[in-house]
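First subunit A sits with subunit B, and in the next complex the same chain sits with subunit C.
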Partner chain A sequence: MSKKVLVVDDDPDVRSFVVTVLEENGYIPLVAHDGVEGLEKIQADQPDLVILDVLMPRGSGIRLYRHLKTDEALKDLPVIMFTGIALRSFLKSQKALEEFNGEVPKPDIYLEKPVEPEELVRAIETKIG
Partner chain B sequence: MEIKKLLFVTKFEELCYDALNSLLSLRQANLDHVVFLNVIERDKVAMKRGSGYLKEEEVKLKETANIRFIDWAENLFELGMEVGAYIEVSSLISEILRVIEKEKPDLVVIGRSHKGTLEQLYSRSDITDLTRRVKIPILVFKHMLEDKVVPEEIFRRPLLATSWSSSSEAAVNCLKGLSGVIGQLHVMHVVSEKDLKSSDTHEVQKVRKYERKRLDDLCDAFEEAGIDARPHVYVGDPEKEILKAAKEYQASMVILGTSERNAMLERWMGSISRNIADKSVYPCLLFPSEK
Partner chain C sequence: MTANKILIVDDEEIIVRLLSMSLRSDGYETVTAGNGEEALKVLEAESPDIVVTDIKMPVMDGLELLKRIKKIDAEKEVIIVTGHGDIDSTITALQYGASDFINKPVRDEALAIALDRAKAKIHIREQLEGYTKNLEVKVAEATEEIRRSANFQRLLIHSSNDAIVAFDNEWKIVVYNPEARRIFDVPAGEVLNKMRIDDLYPSQVAESFKDRAAENPKAHDLPWEEMMLNLKEGKNIPVRFAASVLHENGEFMGIVNFFQDLTEIKRLEKELVQSERLAAVGQTVSGLAHYVKNILIGLKGGSYVVDVGMKKNNTEKLKTGWETIKKNISRVSDLTQDLLTYSKEREPEFEPCSPNEILQDVVTLVRDTAKAQGIEVEATIDPDLGAVIADPRTMHRSLLNLVNNAMDACLDDEDVSKDFLIRVSSYTEPGDILCLEVEDNGCGMDENTLSMLFDPMFSSKGGKGTGLGLLVTGKLVEEHKGRIDTKSELGKGTRFTIRLPFETIARVDERAAKEDKQ
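Coming up: the complex of A and B.
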């Protein structure tokens, strides 16, 4: 059975690129436009993987990632970070938040935009086959 | 009232990261979330005879804005803050209103209006339009003086010009929550010449004494809230006297309630807050009426 992948990104061009890559490789794409909608869709549609942007309106990927990794029911959901924000800044932000909210694991896969379709497919296959 | 979330509206020419940086002292008063907004005016990408809709230009402008926002966002994320961004082709005021509706910020930060005097007379300035249509404070930011230096901390020495209106009261309520942020607050009231009932010295002194007592009470209330406040009474044309006081006390910003005049009257006669926000060198924090 095909696996569901949720793309959370505010940029329509990026969503369209990722959706095309997913469809061509036999996955079922789901989309959300921001962090708030992303969480709603995760809870409602239970995807097998989330591809998550960082800088978005109505809730950034930084806060959504923390939410996922600290929620007992969602902490094992695989997440691929896919963003223009540098990994260095992402890790520093998590460190700043850890002072108040505790530690969360680093993302297994962090892709800085832009990437080639093959690289994205490899990352997805690493996480969900 | 807390300022936890601010909407930072920029065209990049007039409002850059140094301006945002000067507002980060608000983190001591719980500022935690910054939303960036860049509006690409429609005429920059609009359909032109012979070339059609300038899609490539839109993509270029959006990407340029995105690169700037990513850079700014990285700085704020590293401080543990929450950041969001919108880049839209639209008209400025309608887009600001749309984002306010979605994000519910506590403060809007915007650069000085770029409309000319005639254009403002007929279509109103962006600032006037905004103050009439939003119910949250608006900070009209500007580079001070000709060298375009942004004051490092604009809350260090603000000047509050109170007219005792409900919008001035809204300003007072908000400022009381900024005790860790404000250095020294200067509080002034301008008695206009028409309010001096006679030119008799005794009468003038009575008015001054009455206003000074009101200001003293207000400063006591600020000091109870942990803010060092100094009262000043001025007499004369309010617009000129407010700017005079700002200069005398080297204010880092002027804080005003907005006019409660009706729209037509304000368009033709102007308002003190609009004139100061549009024309003076000082950053202006404008509070709408709570009514």
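Coming up: the complex of A and C.
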């Protein structure tokens, strides 16, 4: 059975790219435009992995990430952070948030855009084969 | 009192001796003579201050002596000693200019009083003389001072860095210094006392001075103002000028104008703005790198999708990938455009155009994109606003920029229950100000964001903004001599108002016709 991968990104260019990569490599792509829709899709379609953008309108990338990592039922769902901002900036912003909201596990995989398709596929494979 | 040498003249020796003794004991110095002729000799040798003389004497009597003395020195004090009933002699003595009379026999007190009076007169005369002499010196000094200060003022006016032009009450030019000659480029010989204000100044400037002087004859100084001096042969000189209205006893005497040539200052200012702008572009680079990276992500992703489409002969993929590539190419071209616009000097290109049409164009351009994201865009146009003379590109680019920002503000709003609305409106304000307004009910901005809005490297949109949008808008509007006002409330929305001065076609035509007539 093909595995389902959810792409949460507000940028249609990124969505079409990732969807194509997923299709080419035998995954079933699911898409969401922002964090709110992302959570709905996760609950409705139960993907095997989430590829998540950080900077989305309404801060929903960061919010969804924190939700996924702190929810008992969802914390084992693999997440690939896929974003234009450097890991260092991301961790710094997380650290700032943690001071208020408590610690959140570091991302499993953090990919900085742009990536080669092979790189993305390799990252998915290390998580869900 | 200096007058203390007294000449006593009498033919009776005993009287002479008695008087002499008495006066000496009073502290006077005395000299004596027995008749008029002798007295004249003593007078010459001793130059006494006061003469006391009897009338009746041999050889030369007192009246003759008096006459002679007055001829030599009209100011000399001569006291006449008269006998009883000698009225005729007294009158003659008065006519000859005697100072005083004492009766015979001479009493000490009477003599003392007469002498005191004479001395007082001498004293007053001495003082007067001093004053007169002083006055002459003072007048000479004052004249010299006036000459010097007039010369100083002339030099001051001559060498002033300000151009100074003064008019008399008939608007004839009476002062015209070398700096004025340099600015107006007309030789002083053709100007001074020959030209009137209208001959030298551009007509609208001349008229405005005349109007102001006529409106308020009591007006004094007109404060410094800046203006463009449009001279003959198309020479335009930016100047700062002030005027002083001159009055004397409430009468209008004329006007003096001071001009400062701002050409060099303006050039330096421009250079400064330019170099600041270049520095700003430098600062924006890090923000730009981010933005360019996003474009690269789009291009790489797009070309991958196109590759797959070609390999699989999948038209759908080809189309999607190609759209992505095209979109990002246009982002690169917009960015280049923005950078060029921002880094280069640009004069607005004024032409007849319709702000309402431009506004509708912009709304049409974004309406579908906005709708796809759940945002309504509404145009409210001023139906009375016809064609104006302005730069249509400034309006188009600025409006598009603001509307794009408004869309981002709506997308960034966490309150998804809102019905997002962007209202784009046009209207005019008194003073020929065209207002273009973009109002959204999106996320709004806090004070901090508002204060950095027009800063070079500032973007509130992460990697999705270049930080150039408002910068470019601000520059375009500024070059159009307009301004942008911002009002925003966090969570409620934002309103940007562009205010541009404009001309109407009718008015420009009217003015052209008027100039043709002249």
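Here, the second predicted complex is superposed on the first by the 127 of 129 C-alpha atoms of A that agree within 3 Å, B and C clash if a C-alpha of one lies under 4 Å from a C-alpha of the other, contacts with A are read in each partner's own complex, and residues count from 1 in each chain.
Keep in mind that, in the parts below, a contact is a pair of C-beta atoms (placed from the backbone, for glycine too) under 8 Å apart; a residue touches a chain by one contact, two chains touch by 3 or more.
In this text, all values refer to a predicted model and were calculated from it rather than measured experimentally.
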item: Subunit B versus subunit C as contact partner of A:62, first or second or both or neither; value: first
item: First, second, both or neither for A:117, with subunit B first and subunit C second; value: second
item: Subunit B versus subunit C as contact partner of A:90, first or second or both or neither; value: first
item: Which of subunit B and subunit C A:16 touches, first, second, both or neither; value: second
item: Which superposed partner A:24 touches (first subunit B, second subunit C, both, neither); value: second
item: Shared subunit A contacts, counted only where both subunit B and subunit C touch the same residue; value: 55, 57-59, 84-85
item: Touch list for subunit C against partner subunit A, complex; value: 290, 293-294, 296-298, 300-302, 304-305, 308, 317, 320-321, 324, 327-328, 411-414, 416, 462-464
item: Subunit C-touching residues of subunit A, taken from the complex the two chains share; value: 11-14, 16-18, 20-21, 23-24, 36, 55, 57-59, 84-85, 113-114, 117
item: Residue ranges of subunit B touching subunit A (in the complex, touch as defined); value: 35, 66, 69-70, 73-74, 77-80, 82-86, 99, 102-103
item: Contacting residues of subunit A [partner subunit B, same complex]; value: 10, 34, 54-60, 62-63, 84-86, 89-90, 92-93, 96-97, 99-100
